[in-house]
Amino acid sequence: METANGKLGVLVVGLGAVTTTFMAGTLMYRKGLGLPGGSVTQMAKIRVGRGKDRKYLKVSEIVPLTDCKDIEFGSWDIFPMNAYESAMNAKVLLQKDIDPVRDELESIKPMKAAFDPEYVSRLAGQGGNIKDGDRAALVEQLREDIRKFKSEHGCDRVVVIWAASTEKFIDYNPAVHSKLEDFENAIKTNDKANIAPSMLYAYAALQEGAPFVMGAPNICVDIPAIWELADKKGLPIAGKDFKTGQTLMKTVLSPMLRTRCLGLSGWFSTNILGNRDGEVLDAPENFKTKEVSKLGVIDTILKKEDQPELYGDIFHKVRINYYPPRGDAKEGWDNLDIFGWMGQDYGMQIKVDFLCRDSILAAPIVLDLVLCSDLALRAGLKGTQRWMSFFLKSPMHDYTQGEEPIHDLFQQYTMFKNKIRELGGYEPDEELE
Amino acid sequence: METANGKLGVLVVGLGAVTTTFMAGTLMYRKGLGLPGGSVTQMAKIRVGRGKDRKYLKVSEIVPLTDCKDIEFGSWDIFPMNAYESAMNAKVLLQKDIDPVRDELESIKPMKAAFDPEYVSRLAGQGGNIKDGDRAALVEQLREDIRKFKSEHGCDRVVVIWAASTEKFIDYNPAVHSKLEDFENAIKTNDKANIAPSMLYAYAALQEGAPFVMGAPNICVDIPAIWELADKKGLPIAGKDFKTGQTLMKTVLSPMLRTRCLGLSGWFSTNILGNRDGEVLDAPENFKTKEVSKLGVIDTILKKEDQPELYGDIFHKVRINYYPPRGDAKEGWDNLDIFGWMGQDYGMQIKVDFLCRDSILAAPIVLDLVLCSDLALRAGLKGTQRWMSFFLKSPMHDYTQGEEPIHDLFQQYTMFKNKIRELGGYEPDEELE
Amino acid sequence: METANGKLGVLVVGLGAVTTTFMAGTLMYRKGLGLPGGSVTQMAKIRVGRGKDRKYLKVSEIVPLTDCKDIEFGSWDIFPMNAYESAMNAKVLLQKDIDPVRDELESIKPMKAAFDPEYVSRLAGQGGNIKDGDRAALVEQLREDIRKFKSEHGCDRVVVIWAASTEKFIDYNPAVHSKLEDFENAIKTNDKANIAPSMLYAYAALQEGAPFVMGAPNICVDIPAIWELADKKGLPIAGKDFKTGQTLMKTVLSPMLRTRCLGLSGWFSTNILGNRDGEVLDAPENFKTKEVSKLGVIDTILKKEDQPELYGDIFHKVRINYYPPRGDAKEGWDNLDIFGWMGQDYGMQIKVDFLCRDSILAAPIVLDLVLCSDLALRAGLKGTQRWMSFFLKSPMHDYTQGEEPIHDLFQQYTMFKNKIRELGGYEPDEELE
Amino acid sequence: METANGKLGVLVVGLGAVTTTFMAGTLMYRKGLGLPGGSVTQMAKIRVGRGKDRKYLKVSEIVPLTDCKDIEFGSWDIFPMNAYESAMNAKVLLQKDIDPVRDELESIKPMKAAFDPEYVSRLAGQGGNIKDGDRAALVEQLREDIRKFKSEHGCDRVVVIWAASTEKFIDYNPAVHSKLEDFENAIKTNDKANIAPSMLYAYAALQEGAPFVMGAPNICVDIPAIWELADKKGLPIAGKDFKTGQTLMKTVLSPMLRTRCLGLSGWFSTNILGNRDGEVLDAPENFKTKEVSKLGVIDTILKKEDQPELYGDIFHKVRINYYPPRGDAKEGWDNLDIFGWMGQDYGMQIKVDFLCRDSILAAPIVLDLVLCSDLALRAGLKGTQRWMSFFLKSPMHDYTQGEEPIHDLFQQYTMFKNKIRELGGYEPDEELE
């Protein structure tokens, strides 16, 4: 594998709470001023070898990971605020954790965004830092942005990651999204209904040789046309939807139930959050995109067909509520109705109240996905990177072939560790369960 | 391995809520009237084989498990009520789930218990169905009970399992508990301070060729003297403390934190329960036994020495409160203070409220431990059965050699599956993490 | 005041969970078999007199309340099940609390309902026990039902109370709802858009001399046209929406905040319930009716204009979610974001999880409203009975005159007690706060 | 009544989190920089007059309240840190809310404390800012402190308030605590077992003409000997135990249950907190003092004798747990088991999780109690001030005469308002319920 020489450009779509928390935190961390808690690439120790040869190594000791010090940050956003202003506005980090890297943050000024208010109605008319042009023109401008950033910052490699809004729900349309040729025609003909802005970023990134990661539930790179492009260009892609709070919990509690053969009759999940993400999701068409992403989680872990007596009739509901008083401090409340010995007449309840911080949980995932994508790039891995499912709420998989996603956090982690072991020349474990 | 021919006697120490729920439920189940939810031996499907040979089988399809229909139930208790009366008194199961097996339950009349009020002060003076004699005499009576039960019920094999009270805390005393010879001398000299009643049951069982399982946190079989006896007699033992509600959750959430590199600053657990278990634990000396069992869980999963920045300073507190209004419907409330990106200034909280049912969760564990112990017996496995850790809050391990317990539920499950695979002639997976 | 001689007919619109719980419970109670917990008319003791003359009396010792033994029950419903079948179907009460009054319940067979599927879309096509005819014809049939019930059951007086579904939201339309004449014309012209089925029951009841109570949030009797009719006929009316769980809590916690001068920045309320009420409210147009009823509660207790620094910017959101696994066992989860000393930078949170039972909380309110309405009838009180606000989520008041509702539970209780005192010949207290 | 001329000295025993939050907040507020949220004297509007004469006035518009600008702050503490250092150490207020009043806070240096480690074992050996001498000598030094403070700061009046630790539990001892003469003899004879340090402060304050308020649950001024002294000197006293979080909630939810005739079978309350208060209460002998204070609340609101079917068998348990990770951000978790219609078979649960801030809730109560005590002083009110019960967890009352405390928050508020009305020349309301 290529070693991680030179600089890595990290271009983030969206310069909001998550992105600035990721940037400020990474900048602080590389100055020795902040803990990269939650980042597996920076903190985890993975077992390699077996029996007597067994040892625990950090990821960077197993594979040639890019050092955080070699990252150059860039961004697009519809708001013209620089990263410092945006970090202050986001009210996630304390002044004391922003000030030491204020200069670096101020120098990160967002490029104009490729934006379509139809896709994010709640932000229509806001910001103004927006590109003109039809879909094809926007692609060209984005490609130019990437080339320019790369040369101006002297980057050897670039990764593009989406940390912007959830777009409105659009269906997978085989006539457009299935084949690269059709997809490219739709761009040329400015097919706004089928080509979401996020797809333009993904397409531009891949055309410029950059891996692309989708951090929202947008289908964007979760379509065969883009897989075809990634394959053709030999580039890795990953997605979708950062797995932060409630879904993280879900992919841990579900395996507990399955392992213990405890039945599930209902799972109700509700969220309150007051950041821009919450505002955007207040629109039903955008929430639907999120809902689809969040609802899939349980079914593949607690399989109806395998255990009909336990999982044959699960009522699963997910709600997200915009609630401004809380800002970025998202709260997820879950209720599970479970049963076991002697069945449903002896129901039990598990309630989980997760008082989390959206951006604090997402930031290390951004860092991990960026570094793993770059690692995959250098390792010559192309197409959907299933081993990164660990970080994602709705892991991409080849649904056209009936492939199933892996949601169980611990199986995902085994996949992740196995890939790191493999890339590091160690033997992976063979099975997941 | 020997196949499971003939009848299996299951002698349970304590005929209270857990035991009667186990018995009534098993009786209903074998009549086709009840779901054995929560029972891994009855419901789980385990992957055996790899790659193309991969298949999912029930435990009884992999190994020769005793059929529930071949179980004969017996018990000891200080209260003279039969299993039907005790089940009614426990108010766990509904009338409709007891009536169809009323006759069988009524026929289960508890033998007199070997009891010492010093060890369970809250029950002092109650019951009255109690044996007379010093420690040595009690052992003889218990052995006679087992022999008699075996012959009267025509059992080929017997397993003895403790589902009675938590005894008061006693320290591991090397002068008594380390060597079998010393231990036997202490019985002979009626050393009440070091020989708890539970030890008499364990000793009697092993002498009579029966595996013994400790379902409470009593140290009982968790001492080298008993290991020596088990080894000498070639018998399996297991313990200790059924892992039902709050600790089950703990051994699932801790791995989540570790896997995601999220830090933990504090974990507060409180319980309210109103059954006899709660009453007994209301005595500080008995609670201490439980506390020790419950407190150990986190440390071996979230290791201070491995991740000092994340787990270097965890404040862990566990409380149990006797609260009669709730009866057997135990409620566990947990609060976790966690942190990640940029450290403790950005703390988050996870709160779990588990409205469970003590006996409903424990009953299938009793069944599983009994059947697995019998399986181990026939397979010629002797000594502490670590692969049964999956069912236990405080899994036994050889602490005299500095061995560490495995608490992570998913690692425990892998151990369990591996042993089942191995006993079934399949290849186990090699590593746990 | 007239004493309560003879029989009181209680005609309930809707024979579902609430109604059958009310009926079965009242029947059990009058047989000495059940506790009328939650019923103020049956259990409360009210202080009358002052200083040395102070004493505490039950309501029936102060005023001539109808005895529960003198009640005759009747009902309308779209489902043809009798009250016994419906009670069994509702799964609220245990068999043991239904069987002793099975005969009485079986004899309560629902009359055909005046139903319009446009108003309750989720129940469209169900039931079938439905009257034919236009609005005017339905009124005539309902009046005939009342007269017939009265004569067949030998009732001296009748009260009609709505315990059926929440209808879809309709706006107060001054052209129809303001004057009785216009209202009656709309019935004649079969104006389905403005005349909800519930209005037909109210109109029929009042025309037949029966007080009417609205237990759902339907505007029904909360319009000047009906006030005019009630006035003309000299009859009491009351409404709307039984105050059971979450709103009850809200009208208690809000006064706490106000009394202590604690500020409120947000209040999020969510519900999960799985009974027919939940199913009906799953339709957005029906939920809107409920939402309007539930949202009004806080504003009149925590007044923006009185304490702008504390209550100037409250974000209040209410959600109801249909969740079948829970049946009638509704769960309400509330989160309050509050602040005090030194303002919003020192925010605090109160979370309330109310595991209630919808019908168990509503049934005594039905009984109280029925008995109080009958009392009001005999006392010659006419029009909206504000003193019954205590039982109602959205108490009726003359909004055309800018009158404000009283939501504070304790002020409502003082109003209630004062009216009882007054009717009993005692001096009421003068002020509410 | 005397108007509030000149300066008011406020001497607070204990210069910890509560006191510095009170001082810093009051200093900020009087500079126009902070909201006195939670302070009834500063923010509430009280109705005076009736009918047409009805109007809503602030407390200071009704009675001549001392202006916060006229307060001079002083303190005693065993730690020598000044109020600025202590406020920083307490980590309650943000830097931005301390800095503008840093100079004033720095000038508040604690006088040496009258301390006995026997009474607060967890603080034994800490601090060092401690007076020498026997009980009698300590009294003299405290009196001298008060006189000196008064003259140095030019105060017209002084109020002494205890905001220090909960002392170990001591029983009311009639031989010492009943008569002033006996009490004074016990001081002279240095009777450490019966004379707690807090009593020395109370005695010294009253001897110097200063009202005394007990903010912890110490019995201190809740004994007839001190009542005799207060009476003799014509001074007001108040206590005990600031009503902040969990108990506040309890005195609001209990009235809700009673008003609605809902039964209560159990109430479990647990707390986690990590400040010095939590540390002190970790000692069982100190917790007992607190427990007694917290347990009394329910019984006088939900009276067994009045409603035996509803309140005849309440199981009430209160736990406090020292939990350092949370600091001053106390969390109180309550579970109520309630019932209503058809009794206990249909139990329901209310769970309240109160994420509060101990000092933020206590600070405004300190301000209110100080200003009300000074008002009482000028109004010539002497002895126990029951109208201040509103602020107190365990309101003082004449238990020697069988008098009962008032715990219902809304009744307490009526008492408070009535006294303010009375002192302002308005007619009070006559009855409380």
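For reference, chains read A, B, C and D in written order, and residue numbers begin at 1 within each chain.
Going forward, contacts are C-beta pairs under 8 Å (C-beta built on N, C-alpha and C of every residue); 3 or more make two chains touch, one makes a residue touch a chain.
Model, not experiment: these values are computed from the prediction.
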| item | value |
| --- | --- |
| Each chain counted as touching chain A and chain D at once | B, C |
| Mean-CA-position distance for chain C and chain A (Å) | 48 |
| Interchain centroid distance [CA atoms averaged], chain C/chain D, Å | 42 |
| Per-residue multi-chain contacts in chain D, two or more chains | 351, 353 |
| Graph class of chain-chain contacts, one of line, ring, star, complete, other | ring |
| Chains that touch, pairwise | A-B, A-C, B-D, C-D |
| Chain C - residues contacting chain D, complex | 21, 25, 28, 34-40, 42-45, 47, 50, 54, 56, 92-94, 97, 248-249, 252-253, 255-256, 259-263, 306-307, 309-310, 339-343, 345-346, 348-357, 360-361, 363-364, 409-410, 413, 429-431, 433 |
| Contact set on chain D toward chain B in their complex | 265-266, 268, 270, 272, 315, 317, 319, 321, 323-326, 331, 333, 335, 337, 347, 351, 353 |
